[in-house]
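Presented sequentially are two complexes of chain A, the first with chain B as partner and the second with chain C.
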Partner chain A sequence: MPNRVAIVGIGQTRHRSTRRDVTLQEMINEAVRAALADADLRMKDIEAVFSSSMETFEGIYLPDHVGAVEIGTYMKPGFKVGTGGTSGASVVVEGFHMVSAGLYDLAMVVGFEKQDCGETTAAITAATTPIWGKGAVTGAIGEFAKQALSYMETSGAREEHAAQVRLKADRGACLNEYAHLKLGLKSAEEVLKSDYLVWPLRFLDFCPQSSGACALIFASQQRARKVRSKPVWIADVEVVHQEPFWAGTFGDPTGRETYSQHVACERLYKRNGITHPRREIDLAELYEPSNWEEMNLYEHFHFCEKNEGWKMVEEGVTEIEGDLPVNPSGGVIATNPIGATPTIRVAEAALQIRGDAGGHQVPKEVNTALASALGGPNWTVLTLLKRSV
Partner chain B sequence: MADRVGICAVAQTRYAPDRSDVSEGELAYEAIKEVLEETGLTLSDIDSAVSCSEDFWDGRTISNMNIQPFVGAHLGHEDKVAGDGLNAVYCGLAQVLSGHQEVVLVVAHMKESQAEHALIENAAFDPVFMRQLGLDFLSAAALQARRYMYKYGITAEQCAGVAVKNRGNAKKNPFAQEPLDLTVEDVLASRMLADPIRRLDSKPVSDGACAMILTREARARKLTSKPVWILGVSNCYEAHYLGDRDLADCRALTEAAGKAYRMAGIRNPLREIDVAEISEEYSYQELLWMEGLGFCDRGEGGRLLDSGKTRLGGKLPVNPSGGVLSGNPNHVAGMARVAEAVLQLRGEAGDRQVEDAKRALAHGVTGICGQHQAVMILGNV
Partner chain C sequence: MTQKPSAKKSKEPEYITVNFNLPRRYRWSTGKYIGRTYQEAKEHKKLVANRCRHCREVLWPPMEVCGRCKLEAGEDWVELSQRGTVKQYTYLVYPLWDPHYGEKFANPHPNAMILLDDGVYIRHFLEETDPKKLQVGMRVEAVWKEDAERGEGTADIKYYRTIRA
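Take a look at the complex of A and B:
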């Protein structure tokens, strides 16, 4: 019987596009200190620290070594993982395994990325196989443009729906003290007036490059309640990767079908007895680099029927005050420090369960929350959090 | 540890200076194919894969995409540890112990030949204060070697003795890249790379891969008649800035070893460990790491080597495989040490077999002057 694992400390930086005022290490340390303060612990209480980032996005080889002291791994066990966009969730998964295995009672996971010292899109273009994929990939924007177009074509969604998703995200971001882009958008027209990046994807349809970090403290069952009276439990995790290259493109040529998402949520739901995700999940923090992807994700995670994601937007179901709030934090489209982005999804979902999300706390009680991560060529990592287990 | 985790099969490619005949995935699959054949498993039996590689060296962002199709990760679980391969084994251990995964494939791959080591290694130095100094791992290691030799009176001849011993052992290892009959004079006459490190004091550029299969005890006994158990493991980070450390010391290694020994119930490593495979990218490191591992007192590494106890046939043979000096790529090297330890404990190490080996130590290192150290204790009973 595996040990249960709880989240007992949560900390993040205020995310920005550039953090010229701090080094990478100093930036990470802000999140580490915040998580320790949240849990009322000191670094000496933490037995091991695991970290995540994408080295090529900031141009530092072994960044966990550069920041060993500030990450808190100095004279402690740990390692870094890196799996592309999912990195910050992979580290949650591996930290969870470490505590669940009984190897540590208190461990920290830290996701970080300081994109102001690298060039992420250039690095992503080097993600394909050098032999037959070279030139096929131009960064993430092209992939999501393809997906937006096929979503529009097959589901009947219009650009207005995507604009509404962006408005919802911006309302959340403006209430979230840590969010990066707080645009104060007033109307869908503002979104629809923004320039195209790659048709039909507009400037305001896509996530920014952010610099920031997020740290979580995990505790074993026996330690959790000693640290805090109401810990948030990690009920389960699921990792599903997908064959990177089909016909020289990431996944399917439409960019619409992400089999890893279908497979991951089906496995997670089955193991946890979730038969009606729309009713049984109270809140979701999803990894949506684009507003179009968010509608796609509603369908893939079975929050609605196929091709009806945009109807959930029309009905306002996923608004902060809605039945199933999605990304009340503002999501990835507002804040995207890549190695930390999925860690932030888990952090935000946990804060909502605790009732500590601040300005963007949802009015309903959150007992079960889902955090997702998307990375590489359509890889999926899911984390299911619960108030009680 | 509640349950025990067993290693059921290990495989390594032959390490070579240039494997431009294969892609990274094909290279990894040479090792993966062997562990599958040995256990009778197919890729669909693998519950989770843990890979180890580095984007900088692969020249490819998200380098685990190189090996995804080869580890059966399509619609399955895969995570990439970005450090020495021994840490990937540690990660796989946690997955099995947690009860969330049953059969875990661990694989590390690296083609050093396709990259410029000095450029990549320089990018590991803090970009604000240290990178401009132009150091790479070799020149930083030279600083460490000098400091260590100065503080404890370690001689160039003693360092060369490591190169002679290990490259001689490599003659008995079919996977080794650089088996050589050397004398101390040969090493001291080889080209100077970064004073005091000469060509034969240094590991060669190497390509290769290593794979293994981990599972819980009951399943391990079904998959092989000779499972090898992970008895203890830990790792540890030192400070980054060289000026914050005494380079003649290796506190992170002492810390990691101490924890691994406690888990495995080892009090006197020199007496209780039968064979050690340790990661010496440069000859002085074997002496220094032996001190960090507690095989001898501080400053006694040279004398321990001179005593002959670490030779094949000695009290505690160190690197009977020939070690990293005989050719293992970085990021694979520590996992190759685990693989060699497993072969020893299974009695399958051929001419380099240590008689009646029951407990083995594997050591891995990542980063500048051994900033990150990992230790694993394995046993066959």
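Take a look at the complex of A and C:
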């Protein structure tokens, strides 16, 4: 039986498009200090530090080495994890495994990305092999555009529904002191007036490039309650890998069905006795690069029946004051420092359980929360958090 | 001489900009399996894939190991159809960066997910550039590049043109 693992410290930066005022390391350090302050711990108490970012997005290789002191890993064990879009969740899984295995009683995980360095797309260029699919890929946004079209065609959702999801995200972001894009949108019509970027996705239908970091401190069961009286427990994690170009083999590559998400949530739900996710999960922080994808994810994670994700939007189920709030923080479409984005999902879900989310704290009591991550190669990482285990 | 700190807030730190001007000279091997696809496309204007010898699934891109069986897939080569049905499409309204070469591009040709008649999906471009004439379910056929221009795998297909049936 593995040891229980709790989240005892949570810290993040105020995410922005540019952070001209700090170096990458200084920016990471802001989140590290915030997590330590939240747990009332000092860096010397932390036994190991694991970090995550998108390889070469800042134009440098191994940024964790450059930032060893500020990240807190100097003279300590730990390493950086890189699994594409899911990196910030993979590092959560890594920290969980290490503490769960009994190797450390206190470990820190840090996700970060400073995209104002400039050449995010140049880095994505190097993420796929030029020998396959050359020129026929439009990067993340083209894939999500095609997915949006499929969602529209097969589910009956209209652009108004996607606009409503965008509006919900902005409402949350405006209440969240750490969120990046706070647009103050007043109506769905404002979203529908935004120009098309890659049809049928509009500028407002897709996530921004943000700079920011997020740090979590994990504690073993025996240590957790000494750090804080009410820690948040990591009940379970699940990871499913996929091959990005495996179009046509073992599942539907259109994104309407994401095989890895089905497999991941089925395993996670089964192990944790979840038979009615809509009732048994109180809140979710999902990795939704676009508003269309959020509706798709409601269906993939069985929050509703197939083709009915947009109905949850019409009924307001996933609003902050709804029955099953999804991304009250504003989500990825408001804040996306990529290597930190999935870490923020876990952080936000944990804050909601603690009741410490601030302006965007949901009114209902949150006992069980789900955080998801997805990456370009269709990897899925899920984290299930609980108030008590 | 020491100066009193100015009451005025100091100027924000500067960014430094570094240009990387060296040309990149990377070489990628196409390997035994994808190499075969490159060869057939270049020499015969054909798309070929290997079929797993255990589960009989067509592997596309062709590969050495079958993901499902987790065993060596073998070299049972099959030719894929030149025709298919458009399942998804999108087109650029605003220029994007080319994800492979980092140049800004505004390709007028829509990007599509096409289900070939043998049940294999391929990501490729459509000849049709009029958004009003695009629809899910349209039938298309491969248009290959000229002999001298081929040698880039699936990019040897210029795009897929609309056909009646």
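In this section, the second predicted complex is superposed on the first by the 379 of 389 C-alpha atoms of A that agree within 3 Å, B and C clash if a C-alpha of one lies under 4 Å from a C-alpha of the other, contacts with A are read in each partner's own complex, and residues count from 1 in each chain.
What we mean here is this: contacts are C-beta pairs under 8 Å (C-beta built on N, C-alpha and C of every residue); 3 or more make two chains touch, one makes a residue touch a chain.
Predicted, not measured: the structure shown is a model, and the values here were computed from it.
In the superposition on chain A, A:E266 contacts neither chain B nor chain C.
Looking at the superposition, the partner that touches the larger set of chain A residues, chain B or chain C, turns out to be B.
Once the two complexes are laid over each other on the shared chain, residue contacts for A:G102 go to chain B alone; chain C is not touched.
In the superposed model, A:D45 lies in contact with neither chain B nor chain C. In the superposition on chain A, A:V93 contacts chain B only, with no contact to chain C. Applying the stated contact rule after C-alpha superposition, one finds that A:W199 touches chain C and leaves chain B untouched. Residue contacts after overlaying the shared chain place A:E26 against neither chain B nor chain C.
With both structures placed on the common chain, the touch criterion links A:F79 to chain B but leaves chain C unconnected. In the superposition on chain A, contact is made by A:V69 with chain B only, not with chain C. Contacts of A:E159 after superposition: neither chain B nor chain C is touched.
Counting contacts by the rule stated earlier, residues 59, 124, 128-131, 243 of chain A appear in both its interface with chain B and its interface with chain C. By the touch criterion stated above, chain B contacts chain A in their complex at residues 1-2, 23, 48, 54-56, 59-62, 64-66, 68-69, 73-83, 87, 90-91, 93-101, 120-121, 123-128, 234-240, 244, 251-252, 255-256, 259, 366-368, 371-372. On the chain A side of its complex with chain C, the touching residues are 20-21, 59, 119, 121-122, 124-125, 128-139, 141-142, 145-147, 149-150, 153, 195-201, 203, 243, 245-250, 253-254.
By the touch rule above, chain C contacts chain A in their complex via residues 12-15, 18, 28-31, 34, 38, 57-61, 67-68, 87-94, 96-102, 111-113, 115-116, 119-125, 131, 136, 152-155.
Only residues 1-3, 23-25, 54-57, 59-62, 64-69, 73-84, 90, 93-94, 96-98, 100-103, 117, 123-124, 126-131, 237, 239-244, 259-260, 263, 375-377 of chain A touch chain B when the two sit together in their complex.
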